Amino acid sequence: MLSVQNLTVSYGMIRAVKDISFEVQEGEIVALIGANGAGKSSTINAISGILPYGGNIIYRGHDLHRMSPDKIVELGIVQVPEGRGIFGNLTVLENLRLATWQRKNKAEVAKDLERVFGIFPRLRERVKQLGGTLSGGEQQMLAVGRAIMTHGQLMLLDEPSMGLAPVLVQEIFDVLKEINQAGMTILLVEQNANMALHVAQHGFVLETGKIVITGTGPELIENTHVRDTYLGG
Amino acid sequence: MYVIQQLINILQLGSIYGLIALGYTMVYGIMRLINFAHGDLFMVAGFLSFILAAYFKFPFLPTLLICMVVVAMMGVLIERLAYKPLRKAPRVSVVITALGIGLFLENFVLLFYPYPQNVPTLIPRITWNIGGATISYLQVLIIGLALFLMLTLDLIVNHTMVGMAMRAISWNRVVVGLMGVPVDRVISITFALGTGLGAVAGVMYSQAFSVIDPYMGIVIGWQAFICAVIGGIGNIRGAILGAYILAAAQILVVMVMPSTYRDVVTFTLLLVFLAFRPYGILGKPAVEKV
Amino acid sequence: MPILQAKNVTHYFGGLCAVSDFNLSLEKGELVGIIGPNGAGKTTIFNLITGVYRASQGQSSIKLNDVELVGKAPNEITDLGVARTFQNIRLFKDLSVLDNVRIAFYSQANYSFWEAVSCLGRYSREEERIADLAMDLLATFNLEGVAEEVSKNLPYGLQRHLEIARAIATHPKLLLLDEPAAGMEPAEIDQLMEFIRWIREKFDLTILLVEHQMRLVMKICERIQVLDFGVTIAEGSPAQIQNNAKVLEAYLGTEGVR
Amino acid sequence: KSSAALTIPIGLNAELTGGLPVVGASCKNAALMAVKEVNDAGGLTVGGKQYQIKLFVEDNGYKADQSVAVQQKLITQDNVVAIVGPNASVMAVPASEIAESSKVLMISPWSTNPNTTIDSKTGQPKKYVFRACFIDTFQASVDAKFAMNKLGAKRVAILYDLGNDAFVGQSTFFKNTFTQLGGTITDVETYTTGDKDFSAQFTKIKASNPDLIFLPSMYNEAPVQIKQAHALGIKVPFLGTDGWSSQDLITLGGKDVEGCFFSAHYAPDIATPIAQKFIADYKTAYGAVPDDVAALCYDSFGLLFQALKTAGKVDRQAVRDALATIPNYQGVTGTMQFKEGSGDPIKSAVMLQIKNGKFVYYSTAEP
Amino acid sequence: MKTDEKSGVQSPISYLRDHRGATGNNKLIVWIVLIVGFALSFAIPQFNIVNGYIQTIIMYVGINIILTASLNIVNGYMGEFSLGHAGFMAIGAYVASLLTLHVFPSSSSFFFFPLAVIAGGLGAALVSLIVAIPSFKTRGDYLALITLAFTYIVKSVIENIAAIGGPRGIVGIDKLTTLPWVFFWTVLSVWIMRNFVYSNFGRGVLSLREDEVASRLMSVNTQQVKFLAFALSSFFAGVAGALFAHLLQYINPNVFDISKSVDVLLMVYLGGIGSIGGSILGATIYTVLLEVLRPLGMFRMVLMPLLLVFLMIYRPRGIMGLRELRWLVPGQELKIVKRWRRKKVVNDANPAS
């Protein structure tokens, strides 16, 4: 579905991502794990068209090079950005509605809205509250909710569990599994490798801009290096 | 009659201020940019309407529409050429660029029209007499237009998808793209709307005061900026409210005391007002969660 | 005598009661954790203690060593000995690491405006003293190598360390840490744990900590207070909290701590 | 032959950009014309030698500090013998200080502020500063008398620009003279430079019920003001000052300014042969009737050339001395001669009326 | 002395890195420049080394440097957007001129002129409270409005006071501003502002620009810092105004309108925010360029803004952009890490001390 070939991302002189290649198959959850500054977000942002890059990214036969973010969304790639990226001056409802910019079918939008509120009842309570005043966890729910509203086929998630209460982390991962089963392909960037690798079919470990280990979820969980640094022994 | 006349005066002056202030607020609300070139685009619209009416003998409506379209296109062009390269730069760099663009427009027009020009009257001079006070068709038109545009804009910004996207852009431009919103296009629409409004103001102003000169954008532009901020910059209704308040203050001061004190008193009142409402009438401090 | 004593602290955002009748008592040298679901009001409590928000007056009382903090300006409270870090890192991004720390010495610089602008009197001596103190502090945090780096260019983990260093530069008695382990992987969290213990000893601190990483909370906190909807729902040792049914339901989830 | 030609450098310090571009442009036009005439005629004969005039035109941007810089530049870099300009008093006053301290002759065509030629420290006239126009006090008293005696006004209201020192002066002097003559000032209103809306002021003025409105303002402001007054139902006549004297007043004002009076430096329609030639030449060259500033600027050059001839040598001091004692110079704007030991000329003012889209001579006021 | 123990992170522009490696012998150069400059400032008018016009322009450059650097404190270092500098300049100009005209005897102006200039500065600093106090509550564009309103108020108040000339201004001010004085005041102002910026208070100002909430929580007394920054900035605006008045010999309220503020603003951002060196360059380039382009006549005013726009597009942070000229940074500041290391080596060698 998504094929990343020889991706390189640089910030001025610094190369954050160095020539990595990987693939995501339709219907999978793929985990991308790595320490702080490994280049995970850079990879994701390159796919979403926010960052210029070298190499090729092919999505369902479309070359994404030089495509603007909105065109990429149109193709069906949605991102839940790191730090959530909630629009603080918009209400919860407006945040959700904005994500449906490219959708014409009102009835489906309404259905998806109900679905989001079903998954996150807290959001329903807060529909009129400004996004900026939500707590961290509430914002994360909203961010995932927004991605659902965009109705893409491939969801890129950048550290969805950051700053969330344990119960919510569980919930979010449950939700991810659920939407995955409903047909969404997911590329998951996580620090919480434990959770991520348990839901993922495949995983990659990124260290200082390079993919160092590749494997299926269970394989990675068994890997000693992964156990030591990312799963906490 | 005296009081009624002054009230009409307030409405007319306030509406003129308001028409320009709307453009300021509009662009500010989205781009967080005080577009100091706005006053000068207003001036350009005035000259354009003069050229169309005096040389090509266009009637009012075509003149207004052409001015709106051309100036809106100029606004978009300026954004593309001068502001867009600065998307990643500090906010003030864009403000300074805007000041530069404004100065350029002034002096450029000055090259061709060093003399003030008389804009032909395009709107029938009908006046009505209400108990000794006079009000003209033009005044009614200006007041009506200001209120109409305010409501329309308010509708656009607060109740449409484009408006929502505009507000979202003001918060976080990058993430808006991830929602599938074509950011550059929305920004262009914003500038088109904002400067288009400035053009309406320019045309109406030229009709109301008939004499135009290349520097007219500065004085009235600064005043309109003040209105936009009093109302709470970025807030559409606030802009009109601020405009009427400034107009009322200026005229009331003249009414009750020697007009030499007008500026001192008006602006001191303004400072006192801001001491109590530091973010204007309808403005809110930027929500910042610590 | 407790070093920090908060009584009946209440705070509303418009109609929303973010914190209600919150009570807390910290003994000197303690390391206490506050946990609770997102939006429970934890950060708000930090903001109330440090004066960023003003607790509803009349009933609320927050005392540091018997000095009332409610109603004081944030910098006054900092001067009294409360320092904090932020949930979302708030370094002075465009300034150097050294400057970040030196700014926190603001009220410890002993020279006047006149001495500053004329380069006379205590100016040079004090500047040297502060610079050395700042460098010493950076060295203690192993940051001396990046002293002249612009802080926004530091790796995330180091930025967290720098935030703590900057807080300690204000010479606090009480340190408030808001999610210091956010975005860290387990190996890093273990290091951070050691680090927090170590600064507590080294700088003789009382620490109040908000965190969602149970790995950290359960291991280093001596006492935990659990908040939900602004109300304390449980209090006790990590072991007690881990088995508290209410907490399991509201916060930890059925799987408990992993 | 050009290399052998002797030249006399003369400076022009004008407000080509900024708030008063029309004044600057008229002044420059007249200056170029004056210089061209002389040069085309083979040059100026000074002390038996033929000189070409070399004109240095500088823009002061309608800013005081630039006016000073320009003045310095002309004097010290271009080594001019004398300077014409600046026109507006805000520029002319600081420039005059430079001229005075550098001992270089300066003639302001149009600065009517008394301070331009007076050393405010000593109260004595400046030695090197002259002007080609009458001063504000004279003009205002002419207007006041005219209002009272010719127009029969008893109750006058005043509107002026608080930010413009010339108009502030004219209003004050007008008020003094008019009340001394027994008239009543019903209302005094002000505005700030750049204002476009005067409705509040006129509404107030209307309520004070005057039978004439004294409106010392600029040619580009007066039409707007009068139109607004008419729109508010004010029907009394308006009386202006020399700020009005630009053809633009009529272009901009149209029917609204019809019938109004103002005091001016010269009357294009009853001009002397000298003036008629000037007007005709100016029209051919620039396609417009010369305004006051153009006429005064042309006269300033006329005075200067006359002084150069009289002096007999190209020397700053000599030229100055010659100018101070010029007898009855016949200029476009009338006969002039400088008061003993002063830079202010003795000359008359004219009252003009706007009739059928033209400035029409009405009466003359002798000093 | 590049310290690269850490790996992985490099900074694009580290403003401190730019003056890393600066050494003490810069001091010598600075002293030479100062002494030669001072000597020249006497010699130039004395022997007419350059003509009066160029002398005037040099003096404008000096005055503009003072104005630009002082506005940079508020707009660059503190990160506010003040539009009111002309207002403070006006106050300085009026106070000083009234003193030299009516109060101080004109005989010993050598002694009294500096007093008048200082008084002008103090007057402006005092009035700056009007702007400083609202700044406790609001910032950004609202403060921009307050400063703008302030300019209007100053102009209008002066126009309303007949005793100080009203709209007609003050004429006949003695020409006391001379090249040596301008040189002296420029050097002094730059030196004092430099000292301020590199002091505890200056760091406080910087922290306000970066993050006001964090800076209060890091014990910075933000009200004190704002107050000092505004006062210092306006003080030097007042000083510049005083010098300006005694150079022009004539002032009136129109001289200090918004366009004057805008001029200074342009110079600040041209040179670069948060950089005194930038202000010096910005003021010099802007002033000189305006004169150099004079022969272009009307086109000058079309060209200048275009140049500015291009500069902004290619160097959005101005010529210097947050960096500082090496010789303007106090030597002490440059040597912190080095000195500390040396000290540490010594201490480690004899732990007894």
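Lettered A, B, C, D and E in written order, each chain numbered from 1.
By definition in this document, a contact is a pair of C-beta atoms (placed from the backbone, for glycine too) under 8 Å apart; a residue touches a chain by one contact, two chains touch by 3 or more.
Small disclaimer: the values here were computed from a predicted structure and weren't measured.
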Steps needed, at fewest, to go from subunit A to subunit B via touching chains: 1
Touching subunit B and also subunit C, the following chains: A, E
Farthest-lying chain, centroid of Cα atoms versus that of subunit C: D
Subunit B and subunit E: spacing of chain centres that average the CA atoms, whole Å: 33
Distance between the centres, which are taken as Cα means, of subunit D and subunit A, whole angstrom: 75
For subunit C paired with subunit E, centre-to-centre distance based on mean C-alpha positions, whole Å: 38
Intercentroid distance (Cα basis), subunit E paired with subunit A, Å: 49
Contacts with two or more other chains, residues of subunit D listed in rising order: 17, 162, 192-193
Residues within subunit C bordering two or more other chains: 43, 52, 86, 90, 155
Residues within subunit A bordering two or more other chains: 37, 133
Contact footprint of subunit B on subunit A as seen in their complex: 48-50, 68-70, 73-74, 78-79, 81, 85, 87-90, 94-95, 97-99, 101-102, 130, 132-133, 146, 150
Interfacial residue positions of subunit E with respect to subunit C in the complex: 3-6, 8-17, 20, 192, 195-196, 199-204, 206-207, 210-211, 213-222, 228, 232, 322, 330, 332, 336-337, 339-340, 343-344
Sites on subunit D touched by subunit E in the complex: 16-17, 57-59, 61, 63-65, 68-69, 72-73, 75-77, 90, 93-94, 97, 101-102, 113, 115, 119-121, 162-165, 168-169, 192-193
Residue numbers on subunit B that touch subunit E, as the complex places them: 28, 34, 82, 85-86, 88-90, 92-97, 99-104, 107-108, 110-111, 218, 222, 225-226, 229-230, 233, 260-264, 267-268, 270-271, 274-275, 278-280, 283, 285, 288, 290
In the complex, subunit A residues that touch subunit C: 35-37, 83, 122, 133-138, 140, 159, 162-171, 191, 193-194, 228-233
